[in-house]
Structure formats: C-alpha cells, structure tokens
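Shared between the two complexes below is subunit A, which has subunit B as its partner in the first and subunit C in the second.
And now, the complex of A and B:
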C-alpha cells in the first residue's frame, strides 16, 4: 500500500470516529432514567432485603414462612426456622407460591360476566359496583324469605377469616357453608372422631417412632403436613437420638415415600384395610394386647385370619406375620393411613382399621405414636367432619335449591369426578359470586368475580391442623402491597355485611379485616394465660408475635389418653375389600389417580416453576403420564413414551406411557393436576386428567369421592407420544452406580432392641 | 479506476467509523444530559454547602446512592425560593404526586456489581469519582467509568482483592 493511501485511510477513520461521537452526543436519546421515590418508605433501603414472617397457604398444612422482600417485591420464600411445623424448611409448592402472587393470569380486578356461562367473557367493573350488585342479590333473596338458599363453597378457611365468614353466613341467615377440597382429610377426621372421639387431627409422631408402618400415606410429597412430616422422618432415620427407625410402606404403587422405605408391600388395591386388620389380629392373638376387652377384640377381628388376608391382599402369610411381629415388638411403633387407604369407596373403614392397629399395638397417646392435639386456644379447631360436603351442594344445585352461591378458591369443576357433573350442576345456580384470584374452571361459571388477595398481600391467621402435639397459631401479614386491584376476602365480607345491613351488619364490628384480626387476637391474649404471661401489654405481644410469625407454646402440650373401643368401631369394620367399578373381564386394570408433589389437586398447574420441575420419581416435566408395569406393558405391546388410551366405564383419556417397575402388574396410575380447560396459559391443554374418567362413588359417611374406585383398560394408539423426561434410563445398565454389600448374616446375632 | 477504489475504501472506512463513534460516544465524552429540572449542584452543594448524603440518603448503606426523593426537595422548597420557575416545576411534580424523571449521568453495565456503601466505608470522597460536583451547574461525568479506570484506583489504594475478577463481576 502506498503511504499516501494509508494516511488517507487513517484520516478518514479518525474524522469518521470523531464526527460519529459528536453526532452521537448530539442526537442520541439521553439514556436510562433515574426515578426517585416520591416519599421513601421507612424500612426500604434499595438493594437490601427485609424478611417478614408469614404463613404459607399453598396447601392446608399451615407452615410458617419467611418472605424475602427487596425494593417492595417478594423475591424468595423459605421456611421460618422458629416455626414448629416448617422449622426453616419448605416444600416445592410453598417455594413456588411467588409465582401465584405475580402470575400474569390472575383476575386483576372485579369483573362481571358478559357472554354465556363459562365463556370467560367478562368486563371489568368497579369495586363499588361489584359490592352493590352482590348486596342487591342478597337483599332480593332475603326479601323472598329464602336466605337459606345462599351457599358458600370454600376450602377450610383457617383461623379468624373462617369465623368471620361463619358470622356473616349466620348473620344473613344461612347455614349452608360447604367446605371442600379434593384432599381435605374429611375421612381421616371422621374416622378419628368415630374411633377415638377426637376432633382435631392428632399428631402422628414420626420423629420419635422406631417403626413406621404407612398405608399409602405419601407424606414425603403431599399427605397432611409434608414439610413437618418429612422433617420428622429425617429425624427418625438419621437424627441419632432414637437410632435409625424402620419404615414399611404399603401401597400398590411405589411413590416417592415408598421409595424411601426399607420395605415396600404392594398389597392389592382396596385390600389395605384387610391387611391392617390381619396385622391387628396377629397382634391380639399373640398376647401382646393386654386390655380388659381382649375378648371382644378377638371376636371383632376373627374374620381376618392369615389365609383369608393373604389371599385377598396378595401379600405372603409369612410377610404379614413378620410385619405384625416387628410392629408390636418395636417400641414405639406407629401406623398411619393416607390416600392409599382412605381413597377408596370404604375409605373411613380403612382409616378406622389403622386406628385399631395402633390401639392394639399400644401406640395411642404415647411419644412416638399418635398424640391428641388440643385446640382450646381457638375454641375447638372444629374441622367439620360430618357436615354437608360437596355432593350436598351438587344435589342442591341440581334441584334448584341454591339461589345464590359464593365461591372461593377451590375448583370442584376440575377436582370432582367427571361423572359427578359438578359443572353442569353449578350452571343451574341462578347467580354465582366468586372470590377466586384465578379464572379456573369453576370461577369461569360465575356471574361476578370479586378477586381476593393472595397470602402475600393479605392479613390472616391459621390454627395449624394437625398441630405438632401442642397448639400453633401462625399469622399471615401482607408482605407486599397488592399487585392488582384485588381485596382481602375478610374486607369483602365486611363490606358486603355492612351493605346488607341487619344482623349481618351487626356481626361485623370492625371496619377492616386487619383491625378485626388484631381485635380477635386481643381477646385471645386476654383469655390465654400463656400469651398474657409472655409480655406486659398486648401491643408488645402483637409486635413480637408478628415478628416471630405467630404464637406457639411447647409447654401447652397436654398428655391425653386415647383409645379405641370395639363398640365405637364395630360398625366400620367390614371383611370386604373396597369396590371397583367395571367388570374385571372387560376392564382388567385398577386405576390409581394420585397427587403429585408439585400439583397437589391441580392447583400448582398454573405455576411454571412447578410445571418445569421434574417429577421426583418419573422425571417428567410439563405433562402427565400413565405408569404401567413392564410385564403389563409387554402384554399390551406398549413402550416407554407410546401414547395410550385409558378407558373406564365412564370415559377415556389419552396419555403417554411410563413403564415403571414400581407398580403392580394389575394396576396403573396417573398423576392428578394437568389438562385444565381454563386456569391460565401454563395450565391449559397439556397432559391428561384421570378424574375425568372416575365414577362418582363416595364414601357415604363423609361425601368424599373415592379416587381409587374404577378399573380401566388400556389400548395403544397410533399417535406418537410426546413424553418429555429428564432421565434417559431407569436402570443402571450394569454400571454399578447403586452399590450393595451382601450382609452374609453377620447382623443376625446383634438383633436386640 | 484505482482512484475510484481508493475513494470507495475511504468512504467505507468513514461510514464504519462514523457508526463506531456514534456507539461509543458516551464512553469517551463527558456526559452532561439535560435534566427535566435545571437543578444546580453548584448552588446546593457549593454555595450552601449541603452535605452530599443529606440528599443522597442511601450512599453509605446500599449499592445505590439514591436520587433524592421528592419529599426531601419539598422539605426546603415549600418555603425557599418558591417563585423561581424551576422550583415551580418541582412543585408541579409534587402536586401531581409524580417522581421526577431524572436522566442518569453515571451508568454502569449490568455485569458490574458496584456498591457505593463499600467505597464510602473505605473513606473515599464522592468527588474522587464524580468530580467537583459542587462547582457544576449541570452535572457532567468526569470519569470514564471503564474497568482500567477502576483498577487504577484499586491499585493506588492497594485494595484487598482489588484485582480479583469476582470482586466486581459476581
């Protein structure tokens, strides 16, 4: 290159750059803005987090949580280390609660229906209009003298919100509060009251037991109080202070909990109660049981001989005897019964059988066994065990006995069996008011939506049920200001109550739910000696309680004797296994719909974190599947990932196949929670919903739908499957990943306890 | 013909560097954007000697120093100089309860984890990075805020782990 050209090029470059920079300086947009606070909040320092104690409401267990708040936004939820249930731990649904708060598919303000029922065509209205409309409807109904045609469909509302709602209903003149959730443990409550006479769910002391016998209780992922129980389980197995306890799980499908057990007993579906009573009979016959009513027990349990039990349950005689021997000789031992024994047509009987087993082994009222929970603090945490259930509502709606329906935060149109036709029944109700925060299948049927806050935006409290042996009251406080134009459900009730007037107004002494809650706690403080002794004034007590996350007092634990008498349980004991719909010749396989860790009853499906979380057993994401034993799969000619049609006498669903060694060859299982018709962008149109093909069989004592109540048949369909799972192989292919050491019998000698 | 090619190359170089210059302008020329209110640091910090952290309240406690909240401005200007046209603008924002949309003069990329708190705690004066703000009517950026500039100072004060990548890029 010539020197001249080089200089020319350099010159051009230099001038270009210079002009470019000047040019940029002159016309470039000025860049990022710096927006100051108008008035700075006192406790906010940008970029520094505050932690507030509150309550998790992603399931009814009532875990205390700490929410990390930075710059006015909730960033992270963890367990509250001081809280006796969560103890600083939290399950995946609790962690993902943030995505319920910030979910883009929330109902963002009050809305009125515009199009046809269920068409999801709504128009926004103001809060005044919405409260006015509801008030008019209520006044019209009471003017006709039909106040009792008001129904309130809700899950169990913990604490003082529940009482406020009850007050409103009573003040208005209706007694029709229907409490419903797919998993609300009505069978358990009923069975415990019937056999032991206790109202609150007792504390199953897994932590201190040395032998845990679980009948289908998937406590590691969903059952009852998964965080508290998993913590207890960890202590029992590795805590050291009691020595490693043994754990045996009875269920037809190897759940996450069963995968942790020492022994898995895949009894035939529906026969778990027979197995429990056969074990109880072995214990009684062996002379372990020393009660004065030994004779009546012997008589009651006489039909459950080993040969019969072994034949019905498909469990070896020796094995039953062995479990019975270990169960009575290991002290303390504990039997628990979960969905795998209560989810049948005779669910209550199964749970009663578990109570009998605990009684004859001597596990009631002891450390490491079943401990009664007192509920004096809240005047009886009186979970309604025998009151009206969802079927009462469906029938009343069908017969046009419902004039006005209030609906909050449960989704019967999705969680009841397809043949119960809940959605059709609800369409019969002239006017439905929904307080739900999400437009799910049931909320879509409503005429007006008054959306309520999530737990991050609202005040509230919960008197934990089941409590850990002593009373625990957890307080929920607003940790962020409301994201959308929603309101506290308590405030909505107070607003409607005041507008309606009369007794309903008189029952609402406070103007806001926040003041109502504080006033209610002031009454508790005056009543409870433990609370008033803890601090000089109520104001300091309230501040301390909010900072700590609630009130609990381990010293308030009262030892109470528990027992089961033959007289109270005789009518619940039956020799027959649970019934299944569908002839076994046409429908050869038992269907087990089960709750999955992330989705529970389907409420987690609209949360992307939970959708993309691989299922702990199958590692599937964003989908559902049908678990089939390899033998059965071979017989049916299906492979992993093939699409299959699962047909019951009540309908059919399509689902990809997951070939799974951990399920009986005569059984298939499908997780619950997917394929919502509505419920936001993340939940809709993926997977299969096994509830659609269930019969509307209930345990008539409790109106609880039996999940495990039908047989199915399976056929391969030609459509290619689209199963997405994170692991490729389900076995180790001889790579020796799971190392085993043969014991060679050297532990036999030292088997003393 | 040859001349044509050379001229063409010159043109290409000119256009390309013009673009480059446009893009990198902010990093080399002291930025002094026009602000929604003609606020003068010279009057406040210079003449009246108001300490920096009287208004930038988060500087010793957080990563950001914090643009002064509007309430802080109004604390004085409810009374002081209410007739000035610029103060009237301020009063307008306050009446509408709107924050003032200031333009950022000092802006760091997201991959830099800079914190005011540490620098103040280490005894650095605001002016070491922001220049003699108390003499400026409109704030101009005096430092390049580039990595070399950071490191020079870290070396000068012998900052512990001052050359570690993860000290700033976490």
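And now, the complex of A and C:
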C-alpha cells in the first residue's frame, strides 16, 4: 500500500511572492542573501529550521528532496515525502549532496588558464571578462562560417535547462550537442524503443511483483532509480499486499543487490542474454505463451535450447528449467536488465532479450510488471532517445573538426576507457570552455572556466525518467545563496546568447533563467488540462508547485498495452555470447568494472562522507580493490590485502586484493570511481581505476562503452598493500547476530505499515 | 544520611526491575526489519549528516577510530557458489539494563526518564569504561578535536553539539528530534503521537526497514511490529534488555542462493 501524506497547502494569499517556496507553504524565498539580522525576512526565525523542496542531482534518477535550512545554511537533505519517486527517502549519494555544495575544492569563480594545458594553473577573472572571452571565440568561429564546429558536451540536462541549451546551440548554428554519462541508459532506451516502440523508460514495478528476475541490475546501489526501486523492494518483501515476492539475481559477482536475492545465478560473463532467451524458449515451448505469433517466436528462439544454453552459460539445465517454470507460473513476474547484461558490445541485444522474456511471460503493461510511461507533458526525454555519443566527439576532436568545446560536468577524461584516449583528443581542441564546478581531470584541460552553481544554489526542473507509471515533474529551486562566485548554467547561456547576438540572442527571450523557467511553466500550465484545473491562476499554481516540489498526478497514469514483435527484435537476437578482448590463454580472467554505491561514475569520490563510508560488501574505506575468488587467489598466490597487478591488452593497474567468495573463479571485479588525478583533496591519488585498462569498444548502435568486455591476467606484486577494511569478522561465529527464518514457512509476512 | 542513601538505592533499583519503563511516559523503541534492509547504508550517511559526525581519514579508520554511530555489519557465509551475504544495521541498543551505565564513575552515561541511554558530554571525563563494557561496540571516542575543512562546517547541525577531544559519544536515538516532538506536543497540550519522531536513519531508509516510536502506545507501529513472530533482540541471552528489536530475515540458510537447482 502506498503511504498517504496529508499536507495542507496554504494557497495563494498575499503572504508575499518570492523566488523560492517553503515546503508545504507559500511564503518567502530562502535567503537570496545571507540573512541580514537587522531586518530578518518574514519566514526566517533564527534558530528555527525551514524546509524547502528541491531536486537531487547526484544521479539522473531525479528524487525530490527537502532541504533543511537554518540561518541561511543548508543543514540536512531529506527525501520529499510527497514526491512519487523518493517518497521521503534518499540514498547515500542523495544524503551526501550537501558536501558537494560546501565542498572546499570547488571552483570559486571564473578562471582563465595561465600555464600549460592540464597544468591546473589558472588565474581568476571577472564574469564580464569570462563572458566576453567566450563571446569573442564564438564570434570568431561564426565569422569563419564554422559555427557547426562548436560542440557542447554534457550529461543529459534535465527539463527546461536542456531545452535552453538546445535553443542556444540551434540559434548559434550548431547541431553538435553530445550527451554523455558513463551510466546513462542509452542502451536501455534504445532497446526499449527497438523492441516495444516506447521512448520514455518504462516503470519497472518491483513493489507489486511476486517474482523478480534481475540480470545484473544493481538497483540497491546505483541502477536506474535506486531510491524508488529500493522502496519497491522493501514493499515487495514485507509490504501490505499478500505473499512475499521472490527475487533471483543473475550476475558473475554477488553485488549488494544480489546479496539480498533468494537465489544467485552466477552465469558466465557475456552469456546473460543467452540465458534470458533460453528461459524465454522454455516458456514459449511450455505452452504458456498464447499469442497468435507463437510460431514465429518458436522459430526465433529455436537456437536457445537447454543443452546449448547450459553449456554456454555454465548454469545447470535443471536450474534454467526451474527458473522458467517459476517465472511464468508466478504472477506477476518481472525481469530487469542492468549493467551486467548491457555492458557488452552487444549490450542492446541483452536488454532486448530481457524485453522478450517479459513479453512471452506476459509481464508487459501489467501491475507488477513493466508499465509504459508517457512524457507528453514535456517531450524532452522522448525526443532524443539516442543522439550522437561521446565517440563521435572524440573522433571529431582527433580530426580537428571541433573548433570550440563547451563542457559541463561529465568528466570524460576520467569516465571513458583509457584506450578511448579522450584526454588526448580534447587536447586537440583549440579552445575549451568549462562550466563545471569542480577542477576535475577534464576541467583542468579547459582554457577558461565559467563555474556553474550546484543544484542547491540553482533553478531547474526535471521530468523524471523513468517515471513511476505517471508523469512526474520536479522543480529545483535555490535553497541557499551561492557559496562562491558561481552562476546558474541557464544564466550563463542566456548571458552568452545575448552577447553573441543574432538568432542565438533571439532565442533567449528572458533575462534570467529563473524567469525563463517560470515562463516555460506558464506555457505548460496553459497546455496541460490537469495543471490548469488544479488552480485558478498560474501564480497560485506556481506557488503551490514550488511548495510541493513539483507537479505530478497519479490519476494521469494511462494504461498502455505493450508488446514485443518478432519482426522488431529479430535483428537484435543472436546466438553468440558477447565477445571479449584478450585471448583466454594469455588473459584468463574476465574483468568486471562496476559502479559502487558511493561513487557511481567517480563523481562521489570528492565527498568525505562517501569516502569514509565502508563499501557495503567489502567494508573497505578510502580505496578501491580487486575482488578475487579464494580458489583463484590461492592459485595466484595472493592473499587478502596483497598488492596485485591487473593487466589487460590495454594496460595495467595496481590494486590491493580483496578475496571474496561471491565471485566466479574466472572473474575479477574492480569498483569504478577512485584514483582521480585531480578532483580535490578527498579524491586524489587513491585506489585503482579499472577504466584505464578497458578497450574503447562500444555497442555501435548507441556508442555506449562495453565496460565488461575485456579479459585480464593478474600477478602478485611484492609491495605491501594498505587496504583498510572496517569488518572484524566475515563469519557470525555462531553468535546468531543476523537471525533468519526459512522462506515458505509461516513467517512469510508480517503486518507492517 | 543513610535515609538519602536508601532512597537513592531504591531509586536506582527501580531502574533495574525488568519492564520498569512501562511506568514512564514514553518507551522509545526501534524496530529493524532485516527482511527489508538491503544494506544500502543510506542510514549511515544520514546519521553523519544529522549528528555532526566527523570524518577521520584512512589512517584513523585503520585503527578503529571511525565515528559511525550506526554501522551495517555484513556477514559472508558459505563457499562459492553457495554464498550468503547478510546485513544488519547496529546502533546503540539503548539497553534497559545497560552495562555501560554501570561502569561510568561520573554518571556521564545514564538512563533518562524516557528510558533512553544518554551521554552527558560535559560530564564525561573519558575513562573509556563504558566503551569497554558495551556489548555491541557502538561507543566512539573523540581522540582529538576534529576539524571540518571550510566551508564544510556550514553544514553542521546547530541542534546537535559538536564534541571535543576526550569525550565519548554514540547513537542518541536522535534525541534532538525527540525533544522537538515533545516540545511541540507540550505546546499543543497533547502527548507525542506515533509518527511525530523520525530518527534520521529511519527517515532516509529507502526500504522502510527502520521504524521508531513509543512502545507504551499500544497502537504505535513499533508496538504492532514488536509482536511479529520474527522478532528477536541482539545477543538477548546477555540480558541487556535492548530497546532495539530486530525482525528476522526470511532466507533459507542451508541451501539456496547459488545452489544448482534453486
């Protein structure tokens, strides 16, 4: 059952209009300046806390948050209890967002490069100078008729900020916006579009499912929407509805998520798609599937017989059959596919296989299965399912086709595989403008830095993707005044656009991003019946929306049929498992680089709370490690904490060894996120970065790097390691610390909430 | 003289009668459902943020000086592929018969009227006795006066003291939040009702594994959950009478997980 919250909104009323809105009430803005105590603003009582609704930007999930403000300072972030995704909850990164805001290593104002590129020698300049310099560069480029040589490299920008940037680029005359994030679900979006014809990421209804089969989706820590999915997970296990849901995880390494599964299926790396299709074949052959296209499915799936699948995947025939039986007979069931199945050069095919499985089992478009999301409200996320990717930019830069690069927040010099040589390519760009707030590896390569606000200082909005089955729009509002001399990225674009003139200027109708955002929402309000019906005037609507944290309407959920046709997926189905770099004779071990809860793609590494947070599985702090099965470790002669050299055909890294029973003997795993060369005092020079030894192989359909596609070899290094683990015992020593009751007994469920 | 002593002794002993807390207004209790908890550690970071816990760095972590008032213990059992990993959040158990309280020579740690095990920072002289007596290893000592790299200190919660060198500390059940709830209730002339107090860890927990409330209120969520057949308390055989109740994880211990036929 969904928890209901009854919060009274003080509507309209002449209490005053301002920039921001207090959570649940319409009162004055959070200090546009630090509080002048002579005349305290009416909503500020020294010593008492106010809560403002805003948006978490520590990952793309888009959780709504409440920020506790006292005396003009942000003290604590909580989930917004009204928000459909976060429901009042947050993950580790969401909690730690405050240490990004108050990070001592932020770029404190505009700077111009002084020394050689990458030398990190910058001198402070004024905002006027900075905007002036960028304008000159832009004008020089367009005077040469080379406007299209402007590239903008950015992660997916939420909502109207993304549109504003698009408008600027179009107005200036460039179509080269490159979206990149190490984990940005392009494969997933591509696969869903190809197989089901949907653009927005659907809602995977973990909460209401009775049988969850996950192919390498680490949703407890990083995948897709960790808070939303973990909320669903808790309810699936012990929520109000009857029967405790079962959970099976397929992946070569027992991740945090797999640690919670009832069964762990350590299939051989690269064969996850074969396993999914073998299960699908069992289901189709059993007569469970009743579609009129049964014959074509039988034909398409015919190569995935049990014997073949079992041999390839290293999973027992009986076990495959058993999973298939449970998956189809438990209603509703749900299959999801994460990095563990999409991290190969045929990653899209793996995710298509998961969709096929859901289709034949009858899980599409149902409660507890996969539900379509619409994004009619905004359309932003729909339009750009998969545009040009990072590899396009790297190639263009190498070929000197990039005349000017705008760069924001995704640090490709760190987050791309070493052999992609992104940093080298970027050095080939004549002039780089960075809008990042931190001096990371990529920002250090720039010629000028125009640092933007972090999320708690800025305006913005986000149209949640994936939404929970109905449309959700979250508003980001400044909750504190800016800590340093940074600016809103929207304001920077408007400033540059106006200075450049011409169409770019014409596309910037408002003077500030704050007014632009409000004007844009006024248009949404006029267009959307639900919004206009909710309040008499836009002003009231806007105040209420800010106070609430955004706009969502559970009733707007439209039931939509979903299906997969053999015709649409045939070309994505292949019998072959994924390919790996490195001959198995020379490089006998599969390498699994994985996103760690605290650091995601490395962005959390400059947050002290997250560095000192023990990894949930290994309990290691302030470091990274290589996980090795005890049998393999014995063979290699390495022990817990020893240093080892991990070598792929593309390079080697040094890392301390963590001996772990929860990993296949032919696989080793290294978390991503550590060993920053730059990125502030907390992040620099610790651990090993597995990305350095990865091939630049991509799934050519999406330009997504195939992170799991190389093999390595490992050798002991005679150098003392300095792994620091927080655990004392890995064994309970019979003390009955974590007590259990068997599944299937009378203890299935307790009453709760 | 002896009259006062007898009175004091009686008073102290009344604290030692099992179940004495039902006589008081509130009996703060936490229930942790291990079948919900997925080990994500959001509660740990939430507690750092709420309670001004310092970060000590890698070297000090190595010599057990990490501050976390709540930790997720993780156990790995079995051999590949039959591996089981289990999690349990452990914070101060606010024992009714608290071993830590017996040892303190200056009564810096004692039981308050709500049955909370509290720590008076400016009374603590740092003998470390309580930490040695604690059954659950939840007490943390300030070996130094820790600093926050500016401007990180702007985040510090003014509702919670920043501790100094020589002082012992541990989970308080977010007593500052209990205070606010009690004050508000008092202003409104009522008792604290269920849901008024959310501890920081509970508030953040995405799986809703943690529930907090008053066990003296028969209708509170904790009272209902405490009746679960899955209930147990940590190392209960030691008779510390903890205020934290765990609900057992539903899991097949013997076989399952990686076994070849599920």
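Annotations for the structure displayed:
Here is the rule we use: the second predicted complex is superposed on the first by the 690 of 753 C-alpha atoms of A that agree within 3 Å, B and C clash if a C-alpha of one lies under 4 Å from a C-alpha of the other, contacts with A are read in each partner's own complex, and residues count from 1 in each chain.
Note that contacts are C-beta pairs under 8 Å (C-beta built on N, C-alpha and C of every residue); 3 or more make two chains touch, one makes a residue touch a chain.
Model, not experiment: these values are computed from the prediction.
In the superposition on chain A, contact is made by A:622 with subunit C only, not with subunit B.
In the superposed pair of complexes, A:262 makes contact with subunit C only, with no contact to subunit B. When both complexes are overlaid on chain A, the residue A:132 reaches neither subunit B nor subunit C.
By the document's definition of touching, both partners, subunit B and subunit C, reach A:47. Taking subunit A as the reference chain, the count of touched residues is higher for C when subunit B and subunit C are set side by side.
With both structures placed on the common chain, the touch criterion links A:291 to neither subunit B nor subunit C. Put simply, subunit A uses residues 47 to touch subunit B in one complex and subunit C in the other.
Of all residues in subunit A, those touching subunit B in their complex are 5, 8-9, 12-25, 28, 30-40, 45-48.
Considering their complex, residues 47, 70-71, 73-79, 88-92, 94-96, 98-99, 101-104, 220-221, 226-227, 230-231, 233-235, 237-238, 244, 248, 254, 256-257, 259-266, 316, 318-319, 322-323, 326, 483, 597, 608-614, 616-617, 619, 621-623, 629-631, 660-665, 681, 686, 722, 724, 726-727, 729-732, 735-743, 746-748, 750-753 of subunit A touch subunit C.
Against subunit A, the residues of subunit B that register as touching in their complex are 6, 9-11, 13-26, 28-29, 33-34, 57-58, 61-64, 66-71, 97-104, 107. The part of subunit C that touches subunit A in the complex is made up of residues 33-36, 38-42, 44-46, 48-50, 55-58, 61-62, 66, 71-81, 83, 85-88, 149-152, 154-158, 200, 203-209, 221, 224-225, 228-230, 232, 234-235, 246-253, 256-262.
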